[in-house]
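Note that subunit A is present in both complexes that follow, paired respectively with subunit B and with subunit C.
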Partner chain A sequence: MKQSTLIWTMLMVFGGLSLIFIQFNRGKGEVYVREVPVEAKASSKTSPEQTYRWSTYQQVPEKEKGKPGVSFSLSRTLGLWVAAFCTLAIFSFLYGDNPLYKFTEAVFVGVSAAYAMVVAFWTEIVTNLFAKLFPGFARMSFLPDISEDVQSDLLYLIPLVLSVLLLWRLAPKGSWIARWPLAFFIGATAGIRLISYLEADFIGQIQNTIMPFIVFDSKGSFLWIESLRNTIVILGVTSCMVYFFFSIEHEGVVKYISRLGVWFLMVTFGASFAYTVMGRIALLSGRLDFLFNNWLGI
Partner chain B sequence: MKRTIPLFISAVTGFVLIGTAFIPKFVDWGNDAMAWFNLLAAFAFILGGGNLLKMQLQKISAQQPGWGYAAVTLIAFFITLFVGLAKVGVNPSVKFPEFAWSGEFQEEGSAFWWLFEYIFYPLSATMFALLAFYISSAAFRAFRAKNTEATILLSIAVIVLLGRTYAGVWLTGWLPNEPIIGSSGITYSDFHLPHLSQIIMDDFTTPGMRAITIGIALGVASTSLKVLLGVDRSYLGSDQEA
Partner chain C sequence: MLETLQTLDRRWIFLAMFLAVAVPLIMGTTFPEEPSDQVMAVFDAVENLPDGSNVVMALDYDPASEGELQPMASAFTRHCALKKHNIYFMTLWPQGGPMIQRSTELLENDYPETYKGKYGTKYVNLGFRAGNEGVIKLVVEDLKKSYDTDVQGTNLNDIPLTKNLKNIQQVDLLCNVSAGYPGSKEWVLYGSAPFDIPTVIGCTGVQAPIMLPYIPQQLTGMLAAIKGAAEYEQAIINAYPELNDNLAAKEGLKRMGPQLVAHVLLICLIALGNVIYFWERKQGTS
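Then we have the complex of A and B:
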């Protein structure tokens, strides 16, 4: 191990241990919850009347510790520490690629893939496929609020078959069959997007740009600021479009107009860059706020 | 059959959906197609998960460098999948308490909620937050006012950055609200950085964004037509597939 790596590793380990020691001594980094009892009566009129009871837990600020009904939550406290560990482990990449970062990266990949699958399963497959094909079974199992009048929609066998064909991709032989659902996917995307983009973006944006160069108010007096603003927008859009028009040589007048377009685009990119940076900094401050406020309680 | 049928499916689906936009009676077809589309997208997530599983298992069985991390990925994957699908720790819905599976799968306090709140969210937010350092570092190295365009980009970025934070108020908040040239209506306070930033966003960024949006719309339309007419077949992959 290199000397610098050894020093940094020792610093990180000692830093981590001292943080844990400080936390336990100060009693910070703990989560408290209030128990909320829930009571519900059976929904079915035919079954015997029965009352069901259970409890949910609501997170409360630490200052409410000791109040009636408020208790220490081991699972959420553990979660807070796990979240702090994950945050610090990802930040450790600033020092360089290291096993701690790689470990959390691997966890992130696994959790996010499964998270997407679970959300897709409950929100789409159960709600929109299973409930449409087998409403009776869905009512008895996962979705009791489905009306008894709902009949199964056999048309949904088509997406079911297409979906099974899509999963065929994982099979060692005949993976080309997955092209059929993929073709539906691509065709549907192309059809829907073609119309929606032309309608909302192409025509909509041109419509918004068609506005008066000279603006007067209701009394007939000239509003020079509004007129200037409209003129800037119209000139800006036109010059940018001229710059994007690559079928003609950018020479003579066209060259100057397209140059103006480039300047407008540079303004747009500069503002977009500033917004991106601000977004990332806001996220960073959010994570630091979590570490210092929620975890360390400073 | 391997290429002709998919081309036919995509062309028919696409043109039928375009047609439904012009015939009000068939608007429901478009809605059905969107529902099917969402279902296929949901199954695509399962396909993605299956593919991840296949790749990680290959890595482990071949004992490739870093196979231990592949094992970690698999463990995290299976735990999340199990607690999410089995609704571990989820209470039944208050409206239907006799149905054990009627509760929301993301209910507060459940195991799946815990994984999202304390692992998924901190990890993803920190990953993106990390980019703040790299964006700043890249900007510091690459941004030089070498020509007019670069100077415009740099100065606008600085004005918007300062104008949209408290720094803008702090730096230019002292400018008085007095007219500059007679009764033109322009005052010194118009040059407050937050105000300048707003003018840039409203009047100078809008034309650029509008032109880009129009360009994107034209690009999407032409690419869609190329796909539907079978000119662009790249999505079918190669003929060598098993």
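Then we have the complex of A and C:
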């Protein structure tokens, strides 16, 4: 066995044993919930008012265990342990690619896609399409809160037909039919985006860059910080635009201005990279906080 | 020594980074924060609204970005709760539902006198709608064209907060916490810029440089990454000192300790890498 592999194996075994020791001695990694009673009333033209009662469970800090209404939650405790296991399994990639990491990665991707699909189905297909076309049936089957005065909106047949046409792409023959709804979606998206980008990005950003080099306050005093800031913005925008202007040779004055633009771009990329690093460390501290605080209770 | 560093296993660097983040986190190390002008613009936008104003809270992120964005969402929610604002939660991300739930639980648990049992009169959860920027375009013009019901399936005409709300141009402030597309940029392009809706955002570090040019004309202010969240928390604590003992109100501040140590480590590693590079070059030329 290589020396580094030996060290890392010992480190992981030691870490694992420490975790087991902490669990048995401190009894952490348990979730407690408080029962919250819920009451709702429902009525319709055909039936009298009915009262429904059920309970929801709200997670509480472990220090509240033993208080009235607070109980141990097995399902949430299992969830906590699965989350901790998955986090450690993903971290194991840092040691090297391994089957545990691949399995957990596949689970994450699958669960995310499935969750998004189920949420989209219930909020879009059921609530937004089915309930609009067949409100009576939707009220009886899934959505009792739909008013009895709501009528079918046949305009929603258009998105339904377009969606069905889009699925035609999967058919062995006639896949060209899917091009019609696709053309509509692309055209509509381009139209919507074009106007907003023109207004907010193009014209808006030009307006934001039109600013005075020298700034005075209402009393006529020279504001050097504001003046410097404006000058840097104007110089930066102009020099970066010159750098990206390839129709003329970058020689003489143009060469120096474009080189200044490169410097501005480098500073921008540096700031962007620094922010990205900060973001990644924040994510790491978020996961470690979960492991130390929620799971181990350190 | 330098020969050893040349062939150093990168896993030692991972271990060093783990320790740099884990140790301050366990120790609970925090450092003083001074809210910047940009963060104070966000703070003032919420603070200067009259008590009980209407605020839309669009939380467009998922558990993958929770570590960076949850402190911002909590801070926004807490600040609005302190001002007793009416809050409309919504999300353009399918996985955003549980993120909203965290904020509604914060309202119910930490501010029961204002929000407990006041669903529909002090806050409402509109939930998720598919359609990305299409949803934004609809809600700024006609809310009920996109949202018929809230997350529980109750018709918006039966909820006191939404009964008379035609569109979100009528709200006093739009707060967006976003991790990417659709998110802050789309809210600016389709919401705040064309309709002049006062907007403040909190975004990930990756998004921050893209959003900076919109300040201050199209955006009132921005919280950038965990640093922005920590400064915002500090601004809230400065204004409401009773929060000083509340650990839940210092999520972002707590995460800045590991940030500082990890950044110092990174700077040292970059410097070391440069030393090795120049040493190698010298070896090669001699």
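As a working rule, the second predicted complex is superposed on the first by the 256 of 298 C-alpha atoms of A that agree within 3 Å, B and C clash if a C-alpha of one lies under 4 Å from a C-alpha of the other, contacts with A are read in each partner's own complex, and residues count from 1 in each chain.
Just so we're on the same page, contacts are C-beta pairs under 8 Å (C-beta built on N, C-alpha and C of every residue); 3 or more make two chains touch, one makes a residue touch a chain.
Model, not experiment: these values are computed from the prediction.
Within the superposed three-chain model, A:Gln205 lies in touch with subunit B and with subunit C [touch as defined at top].
Legend: residue contacts after superposition of the two complexes on their common chain; A:Ile281 is shown touching both subunit B and subunit C. When the two complexes are overlaid on their common chain A, residue A:Ser112 makes contact with subunit B and with subunit C alike. Contacts of A:Glu124 after superposition on the shared chain: both subunit B and subunit C are touched. Legend: residue contacts after superposition of the two complexes on their common chain; A:Ala271 is shown touching both subunit B and subunit C. Residue contacts after overlaying the shared chain place A:Arg193 against subunit B and subunit C alike. When the two complexes are overlaid on their common chain A, residue A:Leu143 makes contact with subunit B and with subunit C alike.
Applying the stated contact rule after C-alpha superposition, one finds that A:Asp289 touches subunit C and leaves subunit B untouched. Partner contacting the larger number of subunit A residues, of subunit B and subunit C: B. When the shared chain is aligned, subunit B comes close enough to touch A:Thr87, but subunit C does not. Note: residues 94, 112, 115-116, 119-120, 123-124, 128, 143-145, 192-193, 197, 200-201, 205, 208, 268, 271-272, 274-278, 281, 283-284, 286-287 of subunit A belong to the subunit B contact set and to the subunit C contact set alike, using the contact criterion stated above. By the touch rule above, subunit C contacts subunit A in their complex via residues 9, 11, 14-15, 17-18, 21-22, 25-26, 62, 64-68, 70, 94-95, 97, 105, 109, 127-130, 133-134, 137, 148-149, 152-155, 157-158, 188-190, 193-194, 204-206, 208-209, 213-214, 217-218, 224-227, 254-255, 258-259, 262-263, 266. Only residues 4, 8, 11, 58, 94-95, 112, 115-116, 119-120, 123-124, 127-128, 131-132, 143-147, 192-193, 196-197, 199-201, 204-205, 207-208, 268, 271-272, 274-279, 281-289, 292, 298 of subunit A touch subunit C when the two sit together in their complex.
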